[in-house]
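There are two complexes below, and they share chain A, which is joined by chain B in the first and by chain C in the second.
And then the complex of A and B:
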């Protein structure tokens, strides 16, 4: 994804001076003078003084969700629609010798067959000549799309797919990260390969060295690492291992593609209507105005749903060939295998601190596999969390014959936090410091300082006992860990607001709601400006026919789109007031919109309902479109997001079972726009973090190269029974950066959980748990109760 | 393929389908009822939950020949034209969903749960919904919604 970090300091637009609120409510909140573009609406006061923004408005589209009538991609039915089935590689590494589709094509009811010519998602050889030319893409993992058929029913499509005969010339394969690093390991690529970006975004570090399957390092160096360690009074060094996690969104990836001569319409389960459009326009050499992508409802993505994907390209080919709309949704197995995952990691982390408790050195060497792609780096926390003069990180990607990774809720960060935050605790103990005090000493980020203070009191941190205090077999402990994420703004964020003469108001934007509730927040933003309620506003989003919306990734959605929405609403409001003022015999400057009314500021007897005033509009419709303007000039805040998680667990040291008893998440995200939905997302972040720490694990079989648990039975995700009591506290951290000053919460709310559980494990047992998932087998092995267990 | 008679949400229809076809696929394709979702296809996540003869079933692995004379009820049959079912209302009030994909199945499982046990404890609700996955992680609110629906039912 193309993320643009922009502030307006270099932009030459007329400015005016405004006083904005900046800082943390209850801590250092104050007014600051800032130059903002003249066109901008007046700055918003703090949430307490607003009517709609910052309030717990229920889901704008909740009725449709609870009644089952919201249409997700798989629910789309078009006249004459065909159903497609993919044919996937059954072997982990092979040349495809031949693909015979004749029998499938002859089956009654089969309308089109397509053979995949180019696979998206895999890394690409730097020098393609290192591989002999082949008619078909090399199979790099079991489950790689090979071909597809479209037929009049799903059953027929499945039957026809089985008739497609693919002949493989198998190649040696490797599916284990450690095996793949050996000098004599089978090669996934015969030479250096890099992650190719697409028109839809993506792409990994390029031109880094590659030896065998090991791609890297990507390096980051600050100061002098050796000096940092010689300055250190205490040093801790350890190795941490984390597993591969699949996104496992409940709605699988898929599209309904409808190729028509004038326009290609694609209903997609995506986090980026615009990225899907851009990729399809590129692949099919279509101008962007001939491609329309629609996502009315979507059932979760967590980072894996950007771009058209192989399935989207294939469905479009099939639709073009058959001259009919084509429905193509993946099944759960395909979902686990071929559309992304969180890479694993093998991290060697060494950190040191001086006698006074200040960090002097952080050194990380990480190996991780993103399958046959790259993107396994996990140095974000090591580089960005703490103040440390000497930092050196080296990240290596290890190719295996597994499905390529995809960005997954805070890419690299749960892994990185798992290592860093345990080492920080370990170092604190060596220095004889409380883990929170040690963090206070080394972490300059104001929101986290406040979050630690709040958490310490709310969680009862000072009741935490010495490690391993419980004498019995069930041991309890508390742990803490913290998060770092970044302010990401997508400038392709625009909205249009329309006011109709009947008093109805609507907002349009290409942005999609992936579950966070952006529809509701947009309705609140427009309602605030018009003095209406969120339910009064119609929200039409998820369609590239509307003004461009940002892809929902990197926790950028709310921060990117809400200022554009507010500015559009503000401009529409001004135009509306200018339009109705003459008929009301009031100057438009004298009018305000409040509580569903248009009122005169100077004469309280003059008041009309919004509807009555709208009837006086000179035209039937007033519209205003606004784009995202760059963030205002920063007044000196650190533009990250934090988050501190406190966890209490019990460990059954005889059965190996970990039970998370309670969690407290203290978070910041700029101006909280809707605490009701923020808290829901944070709940989800914590639960995905627990699920990652304790249960989820993609297991590839070394003998066959296949995934052994591509389902929800043996790939265990957290359920209602494992859900602990979760307490949430969101601070108001005003940054003074945009007309809404919103931030994001998706990523910052999930990355610290696994590390906090691991620190609680140590506090409970006195033993360090340096690997995930912390299954009963892994726990018993770590406690020395059983001998080595391999997953 | 034989004709099979099915009664879904009070509407009787004849379906021409192989008897081993999953109820989910028939509901979606023949009845155009898309509230019940496909998510795992193996009865492991509950997104396809509907009621057959008053019992919650995983419609993705429930062959239509097993329906027999029993009455099928889906999420679309719960609300009447004017009012949401109390459990739907409770989910709405508690904002007990995020992406909403698990919601129809979760609500149907909750309806079955409260039919069986009108006053469940928190532990009983959690156990009753143990087979329904919400990947967005909204379980705390779902449990609260079921509790408040149960309470409202008792007060009604």
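And then the complex of A and C:
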């Protein structure tokens, strides 16, 4: 679904047998015999027996970030740098008749103007001949990039952009998902169209039927759905509506592009240095060795920052034309309009279970809009969360004249969980079962079983009362919901470790830190191998000049890159010991690296500080590079990561106000590499989940087809005062799959929150909340407190 | 943003003479600069009054309160005498906007700030309040819009402080190069039926020089609460300012004003009469809330505000009477 899964199990690499730990600590952890490639370092023991990995190491670059000395893309200043401003379409659907840039070009200080020739991100017609040829790309949404100018100051660039005269021949438009499904709706595309995904996923199914604006269905069928429902003793059926959410990363998209005859250097706010390089190389017909992409610090992407983007391509064109570096950061409005979003959904979900409480059928029909893109499918949870013999899902994308969606933290899953996990709750109640017991019965995934058990005790689940127990206007309730995510490994993950004669150690990799803290984790991995502390290791990442790094999507970063880093560190360590052993008069097999020292295993009197030993290196530098080795076995895509969220809320049923009282997230991610960073990620996941459940909403006005809240004033994101107490428990779930056995957490930590809130709402009020965002308007309407109004 | 001249003034006289046609005052600038960046206002000149010391200060005397228009919302919220005797005003200032805005935004600017209707705030909509033909909120996205006086233009008045100031019987001292006048807040604001392109009767060239509030009777108490989608920083979707003059348990006189319900802060006379001469109880307070909303005329997406205002008024009446605590669901209610 998201990224290629490389199955090398058939490859004939020499193997050796090793005993390594698998299973969940405190539950079924045990040693297992596994075949691993001969070159692999010895398996790591459990975290308790390690010095650096699994410890709460503080953020490697924390001081640099909080003191402002870490330079983000927007902070980059190069000699002679120009500032660019995009010209965006002001109408939702139109043919561009003419673009007049003469006035802008004449302004003193304006150095280059560029007219966009190809728009990235939008779906493309399968048969381009279905549309009359047009000099300029058809405008499919308000905010679509049309042109750009570069000038000596940002103010001048903005003024010049206003002077670019674009003449539109407007076309009929539609910005509402339900309207777009009507048979006489204006067409966003005159024929079938598909959107390409990015390295982070997104992009819907290709080669599905399309009628009008409705693209699909993409179907998934297991068993016989009708039989499943006739076997059922209880069935629940309901419709769920979720809204469009924009990524709203604090750092907007942007680049500084510096076109030089010998190399194109681009500083980018990206989740994939390599994917930006590849896209720019492709667009500008450059060999990859002439494009360098740098992302030293990055302020969040959530899935929307993989490619070069229209702005990246435009900035590069401008730099090439002007012969100067060009700075181009989007503003908040452009961010909301043109660089991605989470599609909405209208889901009809029907599920049934037998008398004994086993699920017999799951049927989902979903419609969602990814704007003028595709990828609104949300059946992942319905297909993958529970064991069920009969499953049928049909996903439809609905085109509207809105900005194209992009992969967004667990694409499809918060929506899918919102529906599925409420229906599961409802079905449990019908069967007279506790929601956790019902899940125990139908969920085969062992970590989630353990997580439910831990959560039940920690959260005080058994104090949960019957739905609607509070007599007063303010009602409290508890809810639970769970997550399902997949193990995604990106094989383009490599690292180099260098040891210098002065005893300093550094690691280099193209991987970028999108905020999860991979720099720290890499430092821990190298420190563990060398018996040093993470602060002793220099980490240089986010540059395509280094060994290739994975794009950070699908929660794959830590799982993908840390084994390569460990293997490089291990190889460098062996080379180091071989290099210094003769001078120390000890055989290299007899040496270990511990607590900043090189020690002889056989003679405890022989010990040197690492620095002193390094001085004996035969060359000034020792380096080793390692690539990602395929996982030790192919575990398939199902049942890789879980996570269970428990939430308690109070609902003011007179004011329609929901207050989140507390949250407990019990999560798994293979071997926890750094609990501190994990907690940060999970805090963020829970907060983004609450924000999605209660506040965020992209609103497009049907009269002009424009977004009315493209800001942070009326596009409402959770703030400090809405933040509840969040408790986090991460289990150690050893998978026995790689030399670090790390997994991922970014996505599994956000997808269950909204569903858990909805279930808590039911427990509080006795009424089901089947739509998001759960604003006072939505709550009061759902509780039947609003007189209906006729327009 | 357009190019503009910037005149720094140290005295009121300088400001009055600088305030020529096409010029606009700038106090904290949190509203006017935002409008300029959004290209919905383009003054040729900004007259900066922020450094005029004479327009600062809070004086409490036996007859009442006199506030310089440059006092920030933060200064007003934290003033002990205002907290004690003009509680509703302190509440309103404390829960408006963000700490940063409260440190910059002045009370003068707060009363004169332009509306936050998203059609008004977007240069792409030539809406009626900007001199165009259409009120896009009528059939558009009107969830945050007015439920009274909304058929011509459906903005809600953005000022939180105007609500208690009106309930407390406040007035404004205004100066221009032609002279001075005093305007009661009750007649300061304009409904669209009177004028749909302006929110108040301030004339070009006029500057607010003081905000006056008469001293409430020793038996009077006041409170203001505001409800929003979020709990911290957010615009009101419902609010209420209440002043009760009590004779023991009986309400002698009540003043009740709502803000986010209409294009101007509105006195809820129907609610006030429900309380006069009656004890303040859950029952009378609820009846007052209901009575206030009888004439509401919601648009397509904002009928939910009616039950909210009913409860907002009832809870704020009880808070004022000391019969209920601050509402945890209100903005800042859990702080």
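To be clear about the criterion, the second predicted complex is superposed on the first by the 769 of 791 C-alpha atoms of A that agree within 3 Å, B and C clash if a C-alpha of one lies under 4 Å from a C-alpha of the other, contacts with A are read in each partner's own complex, and residues count from 1 in each chain.
The criterion applied here is as follows: a residue touches a chain if its C-beta (ideal position, glycine included) is under 8 Å from a C-beta of that chain, and two chains touch if they have at least 3 such contacts.
Not measured: the values here are computed from a predicted model.
S.K.: Would you check which partner chain A:661 touches, where first means chain B only, second means chain C only, and both and neither mean what they say?
M.R.: A:661 sits against neither chain B nor chain C.
S.K.: Scan A:777 for contacts with chain B and chain C and give back first, second, both or neither.
M.R.: Once the two structures are laid over each other on A, A:777 reaches chain C alone.
S.K.: Which partner does A:726 contact after superposing on A: first (chain B), second (chain C), both, neither?
M.R.: first
S.K.: Just checking: does A:429 make contact with chain B only, chain C only, both, or neither of them? Give me first, second, both or neither.
M.R.: neither
S.K.: Figure out whether A:590 sits in contact with chain B (first) or chain C (second), or with both, or with neither.
M.R.: Neither: A:590 stays clear of chain B and chain C.
S.K.: Check the residue A:65 against both partner chains and state whether it touches chain B (first), chain C (second), both, or neither.
M.R.: Touch status of A:65: first partner only.
S.K.: Just to be sure I read the superposition right, which of the two partners does A:440 touch: chain B = first, chain C = second, or both, or neither?
M.R.: neither
S.K.: Once the shared chain is lined up, is A:686 touching chain B (first), chain C (second), both, or neither of them?
M.R.: First partner only.
S.K.: Given the touch rule stated above, what does A:470 touch, chain B (first), chain C (second), both, or neither?
M.R.: After superposing on A, A:470 lies clear of both chain B and chain C.
S.K.: Does chain C touch more residues of chain A than chain B does, or is it the other way round?
M.R.: Of chain B and chain C, the partner in contact with more residues of chain A is B.
S.K.: Where on chain A do the contacts from chain B and from chain C line up?
M.R.: Residues common to the chain A contacts of chain C and of chain B are 155, 713, 718-721, listed in rising order.
S.K.: Quick one: in the complex, what on chain A touches chain C?
M.R.: Touch list, chain A to chain C: 90, 155, 158, 474, 652, 654-657, 659, 694-695, 699, 701-704, 706, 708-709, 713-714, 716, 718-722, 775-777, 780-781, 785-789, 791.
S.K.: Once bound in the complex, which stretches of chain B touch chain A?
M.R.: Interface residues on chain B, with respect to chain A: 18, 21, 25, 28-29, 32-42, 44-45, 47, 74-76, 78-79, 84, 88-89, 91-93, 95, 97-104, 107, 125-127, 129-143.
S.K.: Any idea which chain A residues touch chain B in the complex?
M.R.: These residues of chain A touch chain B: 58-59, 62-63, 65-72, 74-75, 77, 153-155, 248-252, 297-300, 302, 329, 331-332, 514-517, 676-677, 680-681, 683-688, 691, 711-713, 717-721, 723, 725-726.
S.K.: Quick check: in the complex, which residue numbers of chain C touch chain A?
M.R.: Residues of chain C touching chain A: 1, 116, 118-119, 122, 124-125, 136, 139-141, 143-144, 227, 229-235, 237-238, 298-304, 306-308, 311-312, 327-329, 332, 334-335.
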